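We just call them A, B, C and D in the order they show up, numbering each chain from 1.
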Amino acid sequence: MKKVINNPDDVVREMLEGMTLAYPEQVRNLEGTTVLVRKDAPVDNKVAIVSGGGSGHEPAHAGYIGPGMLDAAVAGEMFTSPTPDQVIEAIRAVDSGQGVFLVIKNYTGDVMNFEMAREMAEAEGISVEQVIVNDDVAVEDSSFTTGRRGIAGTVFVHKIAGAKAAAGGSLKEVKEAAEKVVANTRSMGVALSPCTIPGAGKPNFQLEDDEMEVGIGIHGEPGTKREKIAPADDIAEELLQKVLEDSVDFDKSEVAVMVNGLGATPESELFIVNRYVHSKLSEKGINVTHTFVGEYMTSLEMAGFSITLMKVDEEMKQLLDAEAAAPAFHR
Amino acid sequence: MKKVINNPDDVVREMLEGMTLAYPEQVRNLEGTTVLVRKDAPVDNKVAIVSGGGSGHEPAHAGYIGPGMLDAAVAGEMFTSPTPDQVIEAIRAVDSGQGVFLVIKNYTGDVMNFEMAREMAEAEGISVEQVIVNDDVAVEDSSFTTGRRGIAGTVFVHKIAGAKAAAGGSLKEVKEAAEKVVANTRSMGVALSPCTIPGAGKPNFQLEDDEMEVGIGIHGEPGTKREKIAPADDIAEELLQKVLEDSVDFDKSEVAVMVNGLGATPESELFIVNRYVHSKLSEKGINVTHTFVGEYMTSLEMAGFSITLMKVDEEMKQLLDAEAAAPAFHR
Amino acid sequence: MVMTVEQAVTWVEKTNALVQSNKEYLTELDQAIGDGDHGLNMSRGFQEAEAKVSSSEYETVGGVFKDTATVLMSKIGGASGPLYGTAFLKMSMFLRDKPSVTQADFAGAVEEALNGMKQRGKAEQGEKTMIDVWHPVADFLKNGQNVNAGKLVEVAEKAMEGTKDTVATKGRAAYLQERSKGHIDPGSTSSFYLFQALADVWKEGE
Amino acid sequence: MVMTVEQAVTWVEKTNALVQSNKEYLTELDQAIGDGDHGLNMSRGFQEAEAKVSSSEYETVGGVFKDTATVLMSKIGGASGPLYGTAFLKMSMFLRDKPSVTQADFAGAVEEALNGMKQRGKAEQGEKTMIDVWHPVADFLKNGQNVNAGKLVEVAEKAMEGTKDTVATKGRAAYLQERSKGHIDPGSTSSFYLFQALADVWKEGE
């Protein structure tokens, strides 16, 4: 394991310090916590958006703090959901009285920790709503299981819920906008190499020189199957197919596309994938209105990428276009 | 070698297609070339800025095309300077009559290919000026050798020359601003793992599990020395020391800092480095006015990072703050 | 078998010792079917819990459990944090006003813990989670007959090993579907350590 | 030794053949002290140059070299593109109006090529670049006596091998300073292939 770190136990704290020093005009750290909030939080008369989760997904989540996006991001240990006491600090710090909206990815840990904080906040009289993001089609959907994971589609939720809140949307309206994103967003990812949690010292799985792991999440977990590596177009086709086949009817629709790098994949390769996605969608009569290529939701130094499609309507397009000024997301 | 590519020979073309599809409002491809230009080029009454070099450094260079930064970026093959016929196409496409300014990194190939294009352009009556960026202190400076390499500091040249041109600066003024950046900018990098050119199939060097290569450039070349890997603070200290000791007098000055990821380094680690750099500079009474942390000038999937310091004056601070709206650089 | 305040503290200490010495093993189990942080999570949480309870003074077993709950809840995170936190919280609430804890009291507390965890995790027995260990242990304690250290370890161990052959439908391992089979559940293993530590406390008290 | 149009074309073809079969070796040499693209660059450039000159009709040797120059200049890139491009361009200019090319003409052309390259690359002999091969070859040709295929190869090969022991002060290898010692310069090697191909052309003409 080669990492640019000091002590594995200090990684999250030192990272947050480094972020706060990098963006002193945009964010501040709530002392003694792993929470970063907008410098000017709470923002008067605005529903506040709080996201977060384990660390290791940078620029998620703190990189999305800023006007038009998040009011706070709560960082857990590497790949470990933050604890309720941290989440409640975030909620308290950003609530302006208009209520707080939680963006939660569908992992048992995130759901439980955020919901416990929500219960505590509600007990204090703060209005809280939430959405659970589960865009990953690699995992079968079934009401008897944990359900699907939330991955890169979460960034679209940040953007659209954030824009809705910035536009003066009520807590209920923000929730509806976020739920529309979740209902219309599907993703799938692939890994070419694993990643290593600093404290663990070795990766969760190994891949041969000619193998890739398909249906990967963002926590270094094994994917849903292992295959021989293929040309970029074939890999993109496989992921895209699964995304398109899923329950959202993308036929003749307008979509926003995200080609998200998982950490170690050169941007050049992401653009090669983007090229294929665009040509394939255009063949199918699906119209791409917005494209995002880059590292938005990573998995430490994992090589690989995910493809996300979000079916958009007029309102969603407007909210996507609305101004946003977070360190990792500008419009 | 695991890469998300189709044929190695098609990587640059397919990447440029993917970029053009990703940023249809911002850039366009000059047909039949490897040049991307601002969608609205030539911009009336503005000195045009052209940069470029080998591919594999994404988001450099095309990611910096946009208002306040570049007018065109010329892409060569992976790690190979573009040819003069491509550079001249860029020059012709962006010249509004106010002249064209070339940002060239100090590699024999870049210098020769850009200068040949410059000669051709001048023969056609276009005014052309240039700056040669050589911020890398890893390499000894000597007038008898090739001199120093240009690395991440190039991004500061893009920003400041771009802002000067956007503000209506003349070709001469743009050149002076760029030269001021070069005179005041120093960088140094380290690699934890090598990278592989798609067509080459294997990396230029190998590192053991406990080794790092210090004084690395951005083309996968070996660095100036090999050392045992150390804690983040020690690595940062080593690079920072070399940067501070060099010929720019940073004492009690104001500086802009860039902690640049080379490709595979998680952002969390870059922030850990940033934390150290800030604390060390503040100890020394050097005041950080601007901070940039992220992947700005990469070397394919190399793990590692570089630290850049630019000593700034009032004009440079203003130009750094000026609006910029490139896909990979927003203010 | 009565539980004293001292024994409650020792329970936490012994659990921590087992967690620390099996930290890497827990992480390896989680690497196979999860995200590889369970050893780190448990070690961080129980280290702090031990530090807290061994440096504080308590009047009641419930008090020990309350502090344990608070620390676990705020130090572990992930899925296991709220679950272990809930377990100790529910036990402390059940035992709140009890100056001394009988075996029946303790069985009731564990039953409460189990219910709280099931509710918090929306999980039932057989879904390859730590519930698969807590459930048979709660039943065993409630049963009341022949409750002894050896038996407790036996029940917990068997339950833990039983998770190997099931397919996960809750927690992170559920994403692996059929591929989760053949691996012991990490949370069931840390729960086994908890009950093994309890058995050790009982043995010392014999 | 006179050079015909046909021989000029064959020279480019034979150079290409050598470059293609040594593509990986050239890349390996560049990986040791450069950025590892020299084989790719040369192979891309000479492939196109061969395609161009073998499918066109020429009146003069200068015409063959002019097209070769244009293709190399626009297909290679990097440091070697402008240098080989300049070399062929200078040769074509020197031979422009010559319907037939004598040995003295050719020697003059190579001398011109060398000067153009030195100017373009701001390099002198002894800096571990392809100049180190072009220089002795130009001297040897200019000398005029005993110019034959075998000797040409000898001179070029010795010069190429001589780059092994020098420290680079120009080109990418210069960044390595002392560490560049002990490795043959990739550009000198491709230049050696160029002259080896020329020797083969001469041999066939004997």
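FYI, a contact is a pair of C-beta atoms (placed from the backbone, for glycine too) under 8 Å apart; a residue touches a chain by one contact, two chains touch by 3 or more.
In this text, all values refer to a predicted model and were calculated from it rather than measured experimentally.
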| item | value |
| --- | --- |
| Steps needed, at minimum, to go from chain B to chain C via contacts | 2 |
| Relative to chain A, chain with the most remote C-alpha centre | D |
| Distance from the mean Cα position of chain C to that of chain A, given in whole angstrom | 32 |
| Euclidean distance of C-alpha centroids - chain A vs chain D, Å | 54 |
| Distance between chain centroids, defined by C-alpha means - chain C, chain D (Å) | 75 |
| Rounded Å distance between chain A and chain B, as computed from the means of their C-alpha atoms | 29 |
| Those chain pairs that satisfy the touch definition | A-B, A-C, B-D |
| Chain C to chain A touching residues, read off their complex | 27, 31-37, 39-41, 44, 73-83, 120-121, 169-172, 174-177, 179 |
| Residue ranges of chain B touching chain A (in the complex, touch as defined) | 1-7, 11-12, 14-19, 21-23, 55-56, 58-59, 63, 192-193, 209-210, 212, 229, 231-233, 235, 263-275, 278, 288, 291-295, 298, 300-301, 303-305, 325, 330 |
| List of chain A residues in touch with chain C within their complex | 54, 76-86, 107-109, 112-113, 116, 138-140, 144-146, 149, 197, 199-200, 202-205, 217, 219-222, 224 |
